[in-house]
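In structure tokens below, several structures.
There are two complexes below, and they share chain A, which is joined by chain B in the first and by chain C in the second.
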Partner chain A sequence: MSTLTPPRSGKARPLPAPEAARPPKRFRRSAARSRAALGALYATPTAVMVGLFFLVPLVLVGWMSLHKWPLLGAPTMNVPDNYTRIADNELVASAVWFTVKYTVLMTVGLFVVAFGLALLVQQRRRGVGFLRTAFLLPMAVGFASASLLFLGLLSDEIGPLSDLLRKLGVIDGYVSWTSGSSESALGSAMVLVLWRFAGFNMLILLTGLQAIPLEVYEAARIDGASRWQTFRRVTIPLMRPTIALVLTMMITGSLLAFDQFWILTRGGPDNSTTSLVMVIYREAFIRLDLGSAAAISVALLAVLVVFNVIQLGVLRRRS
Partner chain B sequence: MRSRGLRALAVTAAALLVTAVAACGADDPEAPGASGTAGVDDGAQLTLWTRAATESVSKAYAEAYNKTHKNKVTVTSYPNEEYPAKLASAAGAKALPDLFGADVVFAAQYASQGLWTDLTERLAASGLKDKVSPGHLNAGTWDGKNYAVPHTVDMSVMLYNKDLYTKAGLDPEKGPTSLKEFAEHARKIDKLGGDVNGTYFGGNCGGCVEFTFWPSVWGAGGDVLDAKGENAKVDSKEMADVFGIYRALYDEGVAAPASKDEAGPTWLGALQSGKIGIAPGPSVWLGLIEEKGVKMGVAPISGPDGGDSTFIGGDAIGVGATSTKAAQAWDFLLWTMSEEAQVEVIAKNKGVPIRTDLASNKYSAADPRIVLINSLVAKGKTPYAKNFNASFNDPQSPWLQTVRGALFGDAAKSLTDGNTAITKSLQQG
Partner chain C sequence: MTRSSLAGRWGYYVTGTALAILFLSPLLWSGWASLRTNTGFGLENYDRLFTSDNGIRVHHVVNSLTVSALTVAGTLLVATLGGYAFGRFRFPGRDLLFLLTLAILMVPYATILIALYVLLGWIGLQDSLIGLSLVLIMFQLPFSIFMMRNSFEAVPRELEESAQVDGCNSVSTLLRIMLPAVKPGLITVGLFAFLTSWSEFFAPLILLNSTDQFTTTLAVVNMRTASHGSIDYAALEAGVVFMAVPCLLLFAFMQRSYVRGFTSGALKG
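Right after this comes the complex of A and B.
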């Protein structure tokens, strides 16, 4: 098996033209310059958008986090109060713990389900097209709408789920899925996220699976590898860049969780499903303390950057 | 090349930032007509924002005003929970509407943040200052200045199902006179069995509990907050007694099991179902429940051993601080406080007038329940605190945690710990 190495694809570089065929240096320079200018021109719209809607707000949030920032009126510098107050905020501590717990559970759950689905529909067979579409379809529903849909489905008052389970004898009496207990509240949110995002992650993983050349599998089979060995030693190593990408997206998405808890559980019961972004929302829009909200956002951003640097580092090294 | 690009980027970012900061720091332009205290009716288009709960009243005001005035008011409403965030974003963008209403308990926060224009002189000149609901007026006051005036009044009362009262052998014309009697009535009705429950409350909703439980605390002579809204008093004996009564009803299964998880949205629906014997709720729901064919009686909310009170809620309204049509907006507000509007728009539709001098009017006498509701205004309270929303109404508030503990967990510890946490939240800058 050790003879199997990942194929080096996409690395073909154009060969340098022979020296004699090159135009004189002066022309070369001006041509290069105009090419660079054209490149810059093409990149301008994106650069403007990124600058306006990402860099400027980013700098502004950093700047806000150093101030007491009223909704109207002039801000006053209060560095480092907004940051030191994060430690005093008990809600932040419980939200950090919950967000980390949710991220771990969600990433593992979502990855297992998405990878499982991808393996299930990897081969071209009858009905696979239908299954692929069916798994991806929830992606077409907006996340907030999907959360509301689940709120309705899970509601004891108006939803069919509790009635159905009562008829089947699984549950007895009144059950509140979204706020009855912290476990069921977290469980309902996780089922919602699985339903909504498993198909999308399946699609990315499927692309990775299909990029593995069949010859490698054939070679493994000739070498006498079992199914499990092929999966362990061929599929997983060759999928590493895709897996890293999917995991990065899952972890980032989970750390920034908001909609599902805001709509489905409202952070309850007893603050047990209050995510970090919900705390930022509370600081900004309920307490109207924009400086404090900005400081927590900056801290969260720092954590995300660290995570992404590590993960992208792994991604680059392996690919 | 690279360093030059970076420098250019840095300069651009800095320039944008300076512009943004300068814009944020700039004083608001003097609104035209801001110097006079009279209203101006010159055909201006005015925008009014309100929350969904009181939308119908704002719309009724606007419709009647538009018929008789050149100014035209357009009402836009937002879902209750999203409304504070909507206002905060609009304020941050300096794009507040000409007029906006707010839950009266949030008014102090908006006044302190300067989201409303100062109406002190205008209100003093109007001669209405002593005639409107003092609780609402106080709520919109910050540093001795008036920023908001009363808009709608909604009070908490006991609402009971007359048919279920008759079935349970109770007198449908006589509601309970104390919280203990309320519990007895609820127990009797619960014995009817089937899907009928004795009572119902919003056990996962800070706002619902404060609106319906606090009057019992006040009725017993206790209090929840100090006058400045900086210290909580929820660890009192009165509070513990009130929670104790509701807790027993839940434990015995007299309160519907869904009471534990009721976060607000299905509260009205539960009462409209006709399966609940008696429950405290907003007075404005009387009509909404009867619309569904459920005959309702009204009684005051009282302390464990008697003593009536009510939570005087509703909305306060002011002129958006960034509005350039303050004089026209004031014209609308002046009109809404007039006898004409209060009697022909509010009282005619079975509402409670915001004018204390119009509590008894030609429409109120027709329905004895309305007379009762109006008479409670004098006995009720409107709590005042700058950080009210963050401390009591928000799902992440320390009050909701206290409520959950007091009703379903370690009651004594929750009230003691809750008092400390709520006080801390109230005092936060």
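Right after this comes the complex of A and C.
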């Protein structure tokens, strides 16, 4: 926290002017105060946006979770019904299980692919710019558009995949990738997310890789370390903050999965690919029960905040 | 050159090319599929995209452009002022406000959108493009403020001071001296705000109710979700291409500054 008193030159930003050339102390103090006021003025739009559209909704979602809050009509307090009902909601139970399963599979898959790509394009050599662009390009396509793209790509009607696999003799007859079975629906969504997000995560891992000074590798080579040893003992430890950042983003993103299942699999077959955020949407806008949706949101929020705090703690201790 | 390093180079190029083809082929396929018709190639699928019963309309595109313009302009305005304040001034509550802004990242928006829906209703912005834009600006703030703060911090102090000695007041110092110096940051923030707002799906799905207010993304997804019988996949791919082409062009032109801004600004500190 910054203090109420204006900063003194030694502690804060040093003024470039030499001591003798400074204006009198009182003048300096009032100048610093008016500069602080100016800074506060520039920060006002940010404060208003953060206050009105972040802090108020944060409190409101907690408040709503304590009420029976229909989409239309007046809310009435019903503590703690919304929360006790979460436990009875079978769809919530299956969605929690599915979301956790998806998060584990997706994080592992995405991390391995993104790290592999980052290692592949790490060194400057001919053609590496083209490869980086190729891996990054899917990132420019919106996620909803990408989901629709894969809906067509994987469909039997116009998609090339089924034809290709039939010709190769891998499958025969009609296969519905996105809704045939829960495994293939999950697999379809995972391929989509890999395609869309591998490049983005590659970019972040790449910045971490390139921040490692070349001398460190040089020293490892002189010590006679093999490539694998260098990777295990040098690259991975020095990459730890970047890896933690990437993993946090992957896990948070997967726990909040919506677009890919809403568009690609419609949560099916038989709700087997219904994620938690889809349940929140369903409670609010299909069952018109905003209070129940708010309660699930608060529970999800609590889990994510606890997770992030643990994550930050681990990160801080290690670095 | 030794045999093993030659083999390694070949292995590298074969793997790299195969992966590049794998990543590019869905994009190329969607372009091809959107142009293919029963009789050959043509724009029939695009025609159906804009004319079929639950297809998209011109006003959906206008809605998308409105939301994107408002979000980019609003994000640039708030993030420039805020970034300048955080990067160059000390005032009471500065660090708290900065932490709260970053905390938006920790509270994923799917969990507060239900409350935002109710809140926007209270202030008369239900089912409104302005309300949606305000929410999208808020979600852009952590990244944008962080980016702009770092950009302003990197500007040499002497530049600002010499401008003040020359008699510029604070606002004209910001406009004439500081803004040109933080242009790469502004480009990155603006590009990111455009790409997000143009393609955003979940926030408009929750905050917009009437089909008249739908953005293009919502309208295209609606072609899939509203159809109970068969889906017109070819028109759907036309919609995908229509949505993706502006983003791909922008990205291709600005990739260098985008990636540079991202790697130098976003991950520092």
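The rule is simple: the second predicted complex is superposed on the first by the 276 of 319 C-alpha atoms of A that agree within 3 Å, B and C clash if a C-alpha of one lies under 4 Å from a C-alpha of the other, contacts with A are read in each partner's own complex, and residues count from 1 in each chain.
As a working rule, a contact is a pair of C-beta atoms (placed from the backbone, for glycine too) under 8 Å apart; a residue touches a chain by one contact, two chains touch by 3 or more.
Worth saying up front: this structure is predicted, and the values here are computed from it rather than measured.
**Q** Does the superposition put A:G267 against chain B (first), chain C (second), both, or neither?
**A** It touches chain B, and chain C stays clear.
**Q** One more residue to check, A:G173. First (chain B), second (chain C), both or neither?
**A** Only chain B is touched by A:G173; chain C is not.
**Q** Please work out whether A:L72 is in contact with chain B alone, chain C alone, both, or neither, and reply first, second, both or neither.
**A** Once the two structures are laid over each other on A, A:L72 reaches chain B alone.
**Q** Give one of first, second, both or neither to describe whether A:V56 is in contact with chain B, with chain C, with both, or with none.
**A** both
**Q** Per the contact definition in the header, classify A:T46: touching chain B only (first), chain C only (second), both, or neither.
**A** A:T46 contacts chain C only, not chain B.
**Q** Would you check which partner chain A:S145 touches, where first means chain B only, second means chain C only, and both and neither mean what they say?
**A** After superposition on chain A, A:S145 lies in contact with chain C alone.
**Q** Have a look at where A:R287 lands relative to chain B and chain C in the superposition and call it first, second, both or neither.
**A** In the superposition, A:R287 touches chain B alone.
**Q** Please indicate which partner A:L91 is in contact with in the superposed arrangement: first for chain B, second for chain C, both, or neither.
**A** In the superposed model, A:L91 contacts chain B only, not chain C.
**Q** More residues of chain A are touched by which chain, chain B or chain C?
**A** C
**Q** Report for A:A295: first if it touches chain B alone, second if chain C alone, otherwise both or neither.
**A** Touch partners of A:A295: none, neither chain B nor chain C.
**Q** Pick out the shared contact residues on chain A: the ones touching chain B in one complex and chain C in the other.
**A** Of chain A, residues 55-56, 60, 155, 157, 266, 281, 284-285, 290 contact chain B in one complex and chain C in the other.
**Q** Can you name the residues of chain C that touch chain A in the complex?
**A** Against chain A, the touching part of chain C is residues 12-13, 15-16, 19-20, 23-24, 26-27, 29-30, 33, 77-79, 81-82, 84-86, 88-97, 100-101, 103-104, 106-108, 110-112, 114-119, 134-135, 137-138, 141, 145, 157-158, 161, 170, 195, 198-202, 205-206, 217, 220-221, 224-225, 230-231, 233-234, 236-237, 239-240, 243-244, 247-248, 250-252, 255, 259, 262-263, 267.
**Q** Would you mind writing out the residues of chain B in touch with chain A in their complex?
**A** Per the stated touch rule, the residues are 9, 12-13, 16-17, 20-21, 24-25, 28, 84-85, 88-89, 91-92, 94, 109, 113-115, 204, 257-258, 260-261, 263, 266, 269-270, 321-322, 387, 389-390, 394-396, 400-401, 404, 421, 428.
**Q** Taking the touch rule as given, give the residues of chain A at its contact with chain C in the complex, in rising order.
**A** Residues 1-4, 6-7, 12-13, 16, 35-47, 49-50, 53-58, 60-61, 64, 69, 117, 120-121, 127, 130-131, 133-145, 148-153, 155, 157-160, 195, 198-199, 203-204, 206-207, 242, 245, 252, 255-256, 258-259, 262-263, 266, 277, 280-281, 284-285, 290, 293-294, 297-298, 300-301, 304-305, 308 of chain A touch chain C in their complex.
**Q** Across the complex, what residues on chain A touch chain B?
**A** Listed in rising order, the residues are 51, 55-56, 59-60, 63, 70-75, 90-91, 155-157, 173-174, 176, 178-180, 266-271, 274, 278-279, 281-282, 284-288, 290.
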